[in-house]
């Protein structure tokens, strides 16, 4: 056929657009990362406009590598991404299996369940950290206060009081502290993305081969064995896809980190870039290049994992 | 499967109960937000539970009065709709070519596309600001539509690709024999056939566009500012205005949640990413 | 060891009674085939026996023990599905071993049994492959292997060959027959292909709308079909059935004669017609004859070859001793 | 020309600014100048305004900036010098404010409202506990008072102080404590002095006070959170922006000037949200005219006269004339305390510190230094790190940033 | 109107040459069938003719005009796919009308043609249904309808019946033959089912690995296969092929004899064996005989019935006049 070139032609707009989208900013970032470039400086005003005369080589990279938060940001972002993935996949599978069979109100439950997925990240973060997790004003604070109140009144009750006086008062957990802020982000993002996993797993469960299950029943497989040996393997491809898509999104978490603790105890490279970008664009750009490298390492890893799935 | 299902008591009693509990738990934060949006800011932080408050519409009135809610909402709708359309417009031909005329490079191109999604936005904020300002497109609907399209294009192409791949090649070839040209192939065969997939792709794309909050906040001032920016303008004002914040949040996510509810069937069926089978 | 008795078994889905009260005995070691048109309830009946569907009423006895309430895995039956229902992520070895593993058999015993089954089924070379890499026939064999290792009291097959192409189907049909000859285990086999039924069965059960129309050996059914339905269903090409004056001449409402029991001549005979399509197979020739005034089309079979083509005149004479006569209810006349 | 001019104004989303949108409707009516408001959260606003201004401006005609940016941005030429007519009465603006918003004597941003910090406490609780808090009290005494009123079982915490990391959040308060212990951010060579004894003593004190007598989750609290806590009756004492006083709804509030540990200079901070004209705008004249109006006495009067607002809602902290007004004094019990605090704040450079600013240093690198240190302080507060470790890490981080910036 | 000539056509996918240089002429009005084992290149050849694949070299002439570079829609050919390839979102009417619509024919003309095709194919009642609501045979007919309306120079069929069940396949096979009788348009038909090939073809093209092994009428191929491959491929059950001393006795490296050309006796004959599976079809009996010392299994066919069962001794005698002799290269000996 003469239109062998057509397919390439049809791909061109998408490819060219993405190429521009990637290359031009990336090129500029690369350039900035090798020069001295700050937004404002009273001491060295010559650094405030990007120019080759401020060439610095790998100096910005050196500076970033020496930053106390650099390694922490990488390690921490891997930790939160992996935790979120782990939780969403587990919860997603369990919930998908739970609601896959019909029961009264299945439609409504499904609607309730997937709602968090539609919430904006900033709203999600504000909602959780202020109104739910806050140790005093949030639901957590209210609940802990309530429970403590009940325990206290029971301690004063005649007869059983001695038993309840053995009970400790509950301490609310602060989710903005250095030690815990990562958990807060993990919780809220898990809440938001579990529905996505549920959606995909549910779709996949609907295509599960019923005859296979019947065969397994005849082979003497218990419900657990059916889940373990049939359902889980059946879900391996959707799991890979959920992992892939979520990893793409969660590597660049920003609003949640900002809102929960302003990077205290919980940081990733995008956030670190944001911190540098207050003034030091050179350092921010160098961090950006590191982030691109990290993203590509993760990408290669992920694509290895699901590349075959993709083309099958 | 009748036997298997019915012999277990779990299915009859525990499953629905458990499912309802999980569903309500997941929805609870949103419910709480909506509830809070009808409280005064003072009531919102009071320890009294749920019902002991007098509902008020003040927060919503305040929002539409002090902030131009409708303009933000209109912008959100415009940019999300056009970005979705544009993404599909560019993405469909691309996915079509990849699915029906795969070359050795197809897989790599797809992978590369996905990897562009992993570029941290913060790293290119300054370059983008420079660039868009010098082109004079900063804070225009055009720019936001373009950016939203570009960040969603990889996922859209991937999703469409997986749907198109499920269309038997035979049907396309039958079309060729029947004398359709490429455009006809897309219009008469591909789009009608993959309609379910395209619809759920569009829906997902729309959701992602609506919720995008990095570029829509940073590349706009007034003209093209979307609801994300309204949220940014209400996050952490002077005082913890849970009520007001909840109202703004509810108004920002409300439309998309309702849309999601109506289209949930579509989503449930369509979100396969080629993972079915 | 594998005698299966159905007593007044019925099955309804909602209001629709798919199986009206039905009695059937399948003897130990027998190869029973259920045939019938699509939707007549063959699969349902098989699944009732397997325990995959609950009976609405009636009893199922396996080896004289009431199995009606016994869960499927405890009935000691093995089933081979039309879609094979292999576990796609497990190797052939694991697929075959699965029921044994579920039965908590020791690994060494499992290995021994799997190797044994693989040898019987010529699968030894494929044990480490996944089902996706196998051809249709090989997959079918794996499914059978998975059934064999359990040493079941009976095998249940639901159209196991219908996904295979013609040549393979003939081969697999033979293999299953040979397996039955070797194992002598009860087998219940569902098909709607009458050739399979004829060639494999010890006993054919012809079903229509959940009712048993006739039970008997293949040749019984071939030679003495109880009614027009069975007559039309058994034999290929189908028996020609005509009614009207020619039937009345034979004292019946309808008469039937098989294509192979019809003499053909280019010059003279009882009925005259015109050749439609003539199918020359070399070994035989099927001639589809039109314009006889008896029926739309009459099919006859000739051994070897006859030089006829489209449009030729032709004369047909049924062999009267092999004529089947049916009354107004479609029942066979003595 | 026939077209009405239009101004785009970036504002921080605080109450006074939001109210301005309504008050300014009259301005539009009068002058025909259309006003487009972009209200943003502080951090996002700063980021947007910075990126706009640093890339040549043009998006905004008027921007809200703080005291930290005004002098440096003025020095960098990012914003235009402001000079208004005699009617504006520039001398009415409180001198500390003018000083903080000027670079080399030229004012670059006009204060819309300003604030200092002071102690707000529950007189009923201190009375009940038999303690007192005086103006410019000693920290030790204040701590003793906090201990005396601390009653967590009944949901009352002795001291509510900022703990949320951020150079404008916990560091604003912490810097005033450090100042009052005699410390400063940098020495004369702009070398960080965070590992000094003054800092160590101040941080130990801060962690001790807030850790023991503060509410749970203090490392997440800043102005907003504490305001809510205070209004819920959970705080015995609060040291924060004077503006808070106008939001307090609890009975029995009393005010005191900020405590110190021997050095009263810099024990209370100074801040203003001001309006400036970025250099890139095409509507500089109209912008300046608007600012002149919005920061004038006339504007204060307009708010007071507005049916929805009144004297209780006028922006404060910028003009002496406001405090002199009897109507204002009548509704603002905190007025005199606030004025005193503002007047005692001294942003200018001294022998002790080379930089302008009380609770910050008006140098471009400060936000970076401040945020880095802020996180260390939050870590120390929640016990994730020892105070010594946090101080050492802060010193290192600050040193690296200042070195990178070419100070030495 | 529909003479198709392939001149030195080759096709390679990458480095693999699937079709080595190949010459073939299909006369106008002829019913040509391509047969051969799976993967031998039947579909590829058909798709080359259709224009769905580009030739690597060589020429394709349609009615003496070089069509090698002509796009598929301009070649005037219609194709019926194995999967039917119906447009699932269109009604039957729209499906059939689609090629006409693409040809910008007027609506009234389209309607006329669609109605005409529907009448021929007995689809008139289903015109407003979607393909998903139709049975397999009906779908197949829609696919043919879509081809017919274009009044093509030739029809191309790629295994059109392989997705149907046995009974339907027989029926559709007849319908296509009748269609050919009626239209007399060139048809090229791909199958790997030799029964279809035998019954439908005017001319059979036997392919092996892209090479043409033999071209001829069905009976030519049945009676005088050019080599062992063709001999084994044509005829069902397969010809028995044996080599060794018994073949040498006949002066050949291998000899072949068809199941239907073998006399069977329970008492005496040339070779002795043991009955494996005996398939009683009523009209015929196929006996699979083991332990003859000649080959693993020898299949024989008996008209009507013979009372043998598994394990019986049996004697076979090939009809010597119908023996096929092959040389060391597997070629037929004169």
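The first chain written gets the first letter, and so on, giving A, B, C, D and E; residue counts start at 1 in each chain.
Assume a residue touches a chain if its C-beta (ideal position, glycine included) is under 8 Å from a C-beta of that chain, and two chains touch if they have at least 3 such contacts.
Computed from a predicted structure; not experimentally measured.
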**Message:** Going by C-alpha centres, which chain would you call the most central?
**Reply:** B
**Message:** Just the chain pair, please, that has the highest number of C-beta contacts.
**Reply:** A-B
**Request:** Farthest from chain C by Cα centre, which chain is it? Let me know.
**Result:** D
**chain A and chain E: spacing of chain centres that average the CA atoms, whole Å** = 58
**Prompt:** How big is the gap, in whole Å, between where the Cα atoms of chain B centre and where those of chain C centre?
**Reply:** 54
**Centre-to-centre distance between chain B and chain A (centres being mean Cα positions), rounded to whole Å** = 16
**Fill in**
In chain D, the residues touching two or more other chains are 47, 54, 225, 228, 232
**Asked** Can you list the chain B residues in contact with two or more other chains?
**Response** 1, 3, 45, 125-126, 130, 232, 235-236, 240
**Item:** Multi-partner residues of chain C (each touching 2 or more other chains)
**Value:** 51-52, 71-72
**Request:** Flag every residue of chain D that touches chain A in the complex, lowest number first.
**Result:** 43, 47, 50, 54, 72-73, 75-76, 78, 155, 164-166, 169, 215-220, 225, 228-229, 232, 234, 363-365, 367-368, 371-372, 374-375, 378-379, 382-385, 393, 396-397, 400, 404-407
**Message:** Under the stated contact criterion, what part of chain A meets chain C in this complex?
**Reply:** 209, 211-212, 214-222, 225, 229-230, 233-234, 236
**chain A-facing residues of chain B, complex** = 1, 3-5, 8, 11, 15-16, 18-20, 22-24, 26-27, 29-30, 32-33, 36, 44-45, 47, 49, 90-91, 93-94, 96-98, 100-103, 106-107, 109-111, 113-128, 130-131, 149-150, 153-155, 157-158, 162, 182, 207, 210-211, 213-214, 227-228, 231-232, 235-236, 240, 242, 245-246, 249, 252-253, 256-257, 259-261, 264, 267-277
**Request:** Over in the complex, which chain C residues touch chain E? Could you list them?
**Result:** 162, 165-167, 170, 174, 177-178, 181, 192-195, 198-200, 218-219, 222-223, 234-237, 258-260, 276-277, 279-284, 286, 288, 301, 303-305, 310
**Message:** Under the stated contact criterion, what part of chain D meets chain B in this complex?
**Reply:** 8, 10, 13-15, 18, 21-22, 36-42, 44, 47-48, 51-52, 54-56, 58-60, 223-225, 227-228, 231-232, 243, 247, 249
